[in-house]
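Working notes, structure below.
Order as written gives the chain letters A, B and C; numbering starts at 1 within each chain.
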């Protein structure tokens, strides 16, 4: 009985050891506790990365479901391409900007095109694992934007934007907070990216949606807003379940270590915050309109997940429930405020879910952090305002929230403005009427189905 | 080149060790074989929990696909909310009732709101991992019921029920069998929950569907039954594939140990039983009606999975095929019996799949168990009737099946009866005609599509 | 507080050790670095197998989405049944043919029905893990074919075929390359199965589609081809994301070892090739037709994934991008060639994606392999033509590509011809018009929706 792995081992093990010497611990004949620890951490980090990748499917389904049928193939293409272009851009430039040698606390300047990944050393192999984990985070920030700009953005403009967010906008923020930059020096805590990933996506979406203007027919002459219902709520619901699933890679995986047993605590806080967010969003909309709206409840679960992403490794389960519960109320109010007061048309609620609730979650570290959780997870012995820590942590968090908003909104506006000038940003009214599937891609998403297009 | 994990390690490792002393093995500088084993078990248990979570998406898609388009958003909401409310209820009460200090073999009385989870000790961190694994099981039992009660249940009643099954009904059964209760003392074997999870869900669904009565138009005046076809078979098929995928967390994960190498055997028995169930269900319905019905075949795969859940760690691959094959035939006959003889309207076949096949799977341990498999997996050296074990194990299994049926059917009837009196259980005929999406949630699942509603 | 695992451990650990002696390392009281390494490898291999299983959902969604609504339930059934029948066939016969004791370098002749899996020994338990990993590969090869033969194949013929590909056609090729057969002796490298899995599926699909003839209405009297658009692009897009996700089990998992740290490198090459394939396919079709078609771009991502499957453990990230980029162009040209020149009707492009790009990926090892990568991963110190390795590796790869084409095309033709004679291969024109869902399964996929059937 032959086995692939054993065959390989038998033939190449000795060769490998002979040629490569002590660096080749991937093939150490005798496993040690140290080599096993590295393997556990690598396996955990990769599997977490794969779960985070699955969130691309989740975002694609949520955005597709909340859009109209005539724009479904377009939304899908955006989700596929922002990941594809983002992967190449992050390999080429982004990873180096984010984690390369620090320049004045602002950006990295080495490690481009995975130049630090050397397959013949342990450190080099870890670079590959770490890049894999980071690229799916970069792509998450990128893909959030497609929802806020859905149903009216020209496809070439979206490709243009996708490159820049993954190559520059996101990695700079990542460097500030996770790459040893100036916000890290200030002690800001954003364990898994409420700000780094979600707010960046949300604020870039706000910039894009503002510059684009609303969808044809979204606002009436008297300024009142029309609801434009999504065409496939089951797909949107599936997307939310997939996102929740992927978040178990996003948050617990951010230890990048399976031997850090706080992964268990983080999974629990993540799950409870999501549950609380769904419940409070449901009751909020129920109280307002007399019925528990499915779309808003789905967004409530996401709001809880986004909010717990920064504090997940620093707070207790009870605090996680409170953080998620606040996010669930906040997302409903924010969606209404952005829609009716700011009059920014955000078809899926991405700005509220990711931008606003990302900010709330980041701030919540300054309120709810408890040293016992942070010490165990490696975040450090941080106490928030409610646990005797004073205002200093809250101030560090606020500094991060504000500065990342300014950077992202400014640079994203610049990128979308450039896109507007170079390739054109907004689809024509005629194209919006027929649908972007026909206009941009020359096809239909649901051939054979009888569909009534609105507006 | 900085890495998040290394940065954290460098800064906090020494601090952590200094402050926390020997309990902080999450950050032990020197990994040992013992600390690595704990990490492997924690990583395995968490990843298995994430896979089981994904089954929520699977159930949501199966139930949505098998219902009509006008009730799709409602079904989704139920699936989202039973998990959300269930998570909070299981944190607050359920986990303590299930695994707390035993009271007369009947229920637990400590460990509420994760009071046993202390992030600064290894045992405390394991409590978090273990809770995470258990909460997704509790939620699985809860979510099964929404299928049996689909298309006619008022949403507030379902929320009411969701709390009680996750806080009391399920945890009491769990205590009896997994928490050191009276059925555990009798030697009953239900490795991953054919009875604890699936039959509880199935019997609670039977209680609910009986109290509710059939959907409008399901039965004719002469007592004959009308088939009400599901509206989206591709979604239902997707759901079955997701459930099958998640079951690889459900069954092998129930070792809660990755160093227990029987996880491999359990994966194999799980897969073969599902395959056999799909095949025999298909041929059964084919023989009856001349065509291999897709819906029934999908339920056949689920029937095999439910049946193998109790015996998966005690039987050989060949026995697993037989157990799954029997379940595939059984589910077809049971669906027909419940529909036509008992006249209980179960839109997705949940009572047959989870209740009946869960009972069959539990009994099958008493027939097919082999000591060599049980010793390896940790179930113990149990032999079933067909392998020289006599009738004693079969009797223990039967005791469990019957007592769990009585407990669940009685308490679920009580809960649904209370829901009926307090918030109302059944949607009006008018609401059923228009669909629960409009009636309960004020929205449509498929805006823009031309849909003919039946009945 | 009781825990299931601890309970089991406490009760059975000593019993187990006493009864089983030193072979029972699954329950070794004292974990060692060696026992932990086995556990890490088992956990990794099983989780990878579960990810590969999820590809069944991906294939089902891609094929369903690209077919017409009237054939959706039929496609689903084929995907469910080829996995179910394939699981039983691979257990009964296929695994033994593939990995059993070698006979003249051509096929294996032992290890049928998992006879080598003994739950009381470590080697036996590993056999179960290894079988689980291999069965999902066998089923992938099988399921590819349903796409090429979609919308016109009689269901009983497909069941007939499913058994033979999983029992004989695929395992023989597997033996040649992974089971120590004649191609392995020639030094052919196909790390994760561009040829073993994907080309076998693609060429079997070519044989089937050729024998079947085109769908009713596909070709006009003047020989020109009609596009028949898929009915549900969101489902197809979801399927591609799921497949990409599952490929992270397919390729990195093929180390069958989590302590082989090249799993990180393989994840990176896999991801970059997929991204590159999507991008180049999009630009190719955009250049040809003026619009970036969503369906073709989705196939481009799959083309990149198929191509990188053979070289993933032997090439650099940059080479992976090139290999994927070439595949993205190739798949567009190949789809057009097969459709218009060969006039073989392949509704989902399976022959091009899996057959042609599988061949390209296999050959690319002979061009791009670098010893540093292969040594680290265990493939061995192979250099391709572009890295100073001369033509010998390329020739070994070409030998494999050609011989597998001949074997698969010939045997699959034989099987489909037998199916034609015994149960009938092609659905009648009337059945194709009404749809195979009604004709083969007596049901509709989308009850209640208004659907216009084409042709």
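Everything below uses one rule, namely that contacts are C-beta pairs under 8 Å (C-beta built on N, C-alpha and C of every residue); 3 or more make two chains touch, one makes a residue touch a chain.
Because the structure is predicted, anything quoted here is derived from the model rather than measured.
Taking only C-alpha atoms, you rotate chain A by 120 degrees to land it on chain C; that is to the nearest 5.
Two copies of one chain, chain A and chain B, form a contact in which under half of the residue numbers belong to both partners.
Taking the mean of the C-alpha atoms as each chain's centre, chain A and chain B sit 30 Å apart. In chain A, the positions touching at least two other chains are 33, 36, 40, 43, 47, 126, 232, 238, 449-450.
The touching residues of chain C, counted against chain A in their complex, run 33-34, 36-37, 40-41, 43-44, 47, 51, 68-70, 99-102, 110-111, 116, 126-127, 130, 178-180, 184, 229-234, 237-238, 240-242, 244-245, 248-249, 252, 254-265, 267-268, 271-272, 274-276, 278-279, 282, 289-295, 297-298, 301, 317-318, 321, 372-373, 375-381, 449-454. Remark: chain C residues 1-5, 7-9, 11-13, 15-16, 19-20, 24-27, 30-33, 35-36, 38-40, 42-43, 46-47, 49-50, 53-54, 56-57, 60-61, 64, 72-74, 76-77, 79-81, 83-85, 87-88, 91, 113-114, 117-120, 122, 125-126, 128-129, 131-132, 135, 155, 232, 235, 238, 437, 440-450 touch chain B in the complex.
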